[in-house]
Amino acid sequence: MTDESYTQYFKLSMKFFEGHRTPIQGGRVRKVNKMNKTLIGVMGPGDGATEDEMKAAFELGSLIAREGWVLVTGGRSAGVMDAASRGAKSAGGLTVGILPSKVARDVSEAVDVPIFTDMGQARNNINVLSSRAVVACGMSAGTASEIALALKAKKKVVLLKLNQESEAFFKSLGGDDVVVAENPREAVDAVKKIIGA
Amino acid sequence: MTDESYTQYFKLSMKFFEGHRTPIQGGRVRKVNKMNKTLIGVMGPGDGATEDEMKAAFELGSLIAREGWVLVTGGRSAGVMDAASRGAKSAGGLTVGILPSKVARDVSEAVDVPIFTDMGQARNNINVLSSRAVVACGMSAGTASEIALALKAKKKVVLLKLNQESEAFFKSLGGDDVVVAENPREAVDAVKKIIGA
Amino acid sequence: MTDESYTQYFKLSMKFFEGHRTPIQGGRVRKVNKMNKTLIGVMGPGDGATEDEMKAAFELGSLIAREGWVLVTGGRSAGVMDAASRGAKSAGGLTVGILPSKVARDVSEAVDVPIFTDMGQARNNINVLSSRAVVACGMSAGTASEIALALKAKKKVVLLKLNQESEAFFKSLGGDDVVVAENPREAVDAVKKIIGA
Amino acid sequence: MTDESYTQYFKLSMKFFEGHRTPIQGGRVRKVNKMNKTLIGVMGPGDGATEDEMKAAFELGSLIAREGWVLVTGGRSAGVMDAASRGAKSAGGLTVGILPSKVARDVSEAVDVPIFTDMGQARNNINVLSSRAVVACGMSAGTASEIALALKAKKKVVLLKLNQESEAFFKSLGGDDVVVAENPREAVDAVKKIIGA
């Protein structure tokens, strides 16, 4: 490619996302839209997750993928994080895992995009800030921190498979920003409503 | 100071903390001990704090200072953070504030050592990790995240002025790592027991 | 779906990534591999980037996408971050942007997966930890911190479009962990060698 | 103390910092000023520090303490961090260490206030943001990231004991925000000028 043609190519490409049709995609002419995808978080227990919670998480992940959303989890190869990611991959979705560690150990193999924070549990705040809405599936200290951080950031949270004390507490804490769902289908419908999809 | 005497001075100083007597403290000979101080965290609502919670926080700060402990809070000039820091200063204590921001705005004037994290609520994890024990005084989304992060880090938490749903939830979440106190005096006694002081 | 068939479906899906053929992908039988993708970081100036640096970043992004790697940048709609992301999208790649902010403002529209950290420049460490290798394109204070953090984390860094002082400094700092490239093609070849692709 | 007198005490104490004279300090009447102390950072190599750098760091710490400033370092029991903290303690100063870890291991015993971030090298950003001015003493990858992050945050940096490539690079990067000092005394004089003390 000559330098002149490269400059021309570059300038055209810079227009790529400005709503113009682009002539540079292998000859195909197509309308390009804004790329930022919708990320939905699923948070829940790791090693202490029950089979019931993991089953729900798997289905959640699958339904989230079917909506065309990107799944965000804590990324570890354990519990709800892992099951939700597997569910999303089983439906052909894209999965992001935001990890507490700095090395690729203990990462769910169902995570496409592992983000290594080396921040321990402070990464929980990144999980919720990166999610348009958060579904909590089951309860643990880490999950409780994620729900609380989401409410602090004015994010809406859908609760699934929480025990009575947990539900009562987070409803008293979050008011209308907290929605209780009976099953994964209801949870995803609640997310749809939250994000206006 | 000649270079030789400086080297000698340096070497002596390096022995400063090894349990030897030091000849370099303005002539006074004294035994020096390990310096790391005991930091105790007080967490609670900011702008939404009630007068009752602030009063308790002020007394907590005062009692913590009287024990010779360093007070750690979220550092903002609001609510429980501010009141606890004022209490500690009223008793001649040292106060550390770990702030969500990056600039010296909205910092409690009763904070001696402001730490600017520019991390928003992710700084809550630093608050609890830096505290040998945490006292929660009142409830808010931020406070809930701090209790949850403390329990996740296997820190013990003393609850003061929490409503019934909050107490029930955190007791179900934390088990023996959660202690309920009736008043600031009881809270500080619980901290003493926790840290073996 | 009956509860029994669901359990069976779930168990089969859990085997999805264990190297077995899966019967559950819409009838298609296929071998599934580990999902974790290879992330490559491109770091460089934001608002102060020159046209030459942006042109190189665009080409870098495009070449990275053509290798099947995921592009990681700081995610803002400025300078090298933006140009590299546009380049990757022009070649049909996947782009991740790890942002300093907590809200979707100032995000490059060529970023598929925006990660909101609310950590300011501390997010630079996440950028480099999440990248298998880092290409620095141009120089700024933020970029310098990213190269230094990458070297601290024992990551290898490819330098492109750096001035003489910068090259001399980082070579003296990083030794063999620093590779100088003359153009985007050389930079990508260096990355290939680094990650053993 | 009756409840009424407590309320009165509390209210008086809340006025404690408003510039009024306070009657509650053990009978002594005194004017109270704003409490936020001036924190000055000393950054430098850990395990790889030379004796010359540690000697300079010790003297820096000592001089900083003599100015009444609080010393901020990375807090580990190694290299420049440790030596500067020892120097500050030898002069009766107060020392803060902002640590990469989450547990009290590898903490300099000359640190009064250990802050545990569990953020690895991302804590470097907190070090510089919490410092009114930063003195870099010696060079390493971690130190380089701290100087770069300081410059990114528009903090002024004093360079001491840097090699020629490092000095040339950071001067080209930081312009007037970078000051080169020949010895600890000059470095502290430069800090004085920077903070207007």
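Chains: A, B, C and D, in written order; residue numbering restarts at 1 for each.
We take it that contacts are C-beta pairs under 8 Å (C-beta built on N, C-alpha and C of every residue); 3 or more make two chains touch, one makes a residue touch a chain.
These figures come from a predicted structure and were not determined experimentally.
Asker: Is the C-beta contact count larger for A-C or for A-D?
Answerer: A-C
Asker: For subunit C, which other chain has the most distant CA centre?
Answerer: The most distant chain relative to subunit C turns out to be B.
Asker: Would you kindly state whether over half or under half of the residue numbers at the subunit A/subunit B interface are used by both copies, giving same or different?
Answerer: Over half shared, hence same.
Asker: Can you compute the centre-to-centre distance for subunit A and subunit D, using the mean CA position of each chain? Integer Å is fine.
Answerer: The mean C-alpha positions of subunit A and subunit D differ by 39 Å.
Asker: Quick one: subunit A and subunit B, Cα centre-to-centre, how many Å?
Answerer: Each chain's C-alpha centroid was found; their separation is 34 Å.
Asker: What's the distance between the Cα centroids of subunit A and subunit C, rounded to whole Å?
Answerer: Inter-chain centre distance comes to 19 Å.
Asker: So which bits of subunit A are touching at least two other chains?
Answerer: Correct list: 102, 118-122, 125-126, 153.
Asker: Using the touch rule from the top, collect the residues of subunit C that touch subunit A in their complex.
Answerer: Residues in contact with subunit A: 6-7, 10, 13-14, 16-17, 24-25, 34-37, 39, 55, 58, 70, 83, 86-87, 89-90, 92, 94-96, 98, 102, 104, 107, 109-119, 125-126, 129-130, 153.
Asker: Taking the complex as given, what residues does subunit D use to touch subunit C?
Answerer: 119-126, 139-142, 144-145, 148-149, 151-153, 163, 165-166, 168-169, 172-174
Asker: Mind pulling up the subunit B residues that touch subunit C in the complex?
Answerer: Where subunit B meets subunit C, its residues are 102, 118-122.
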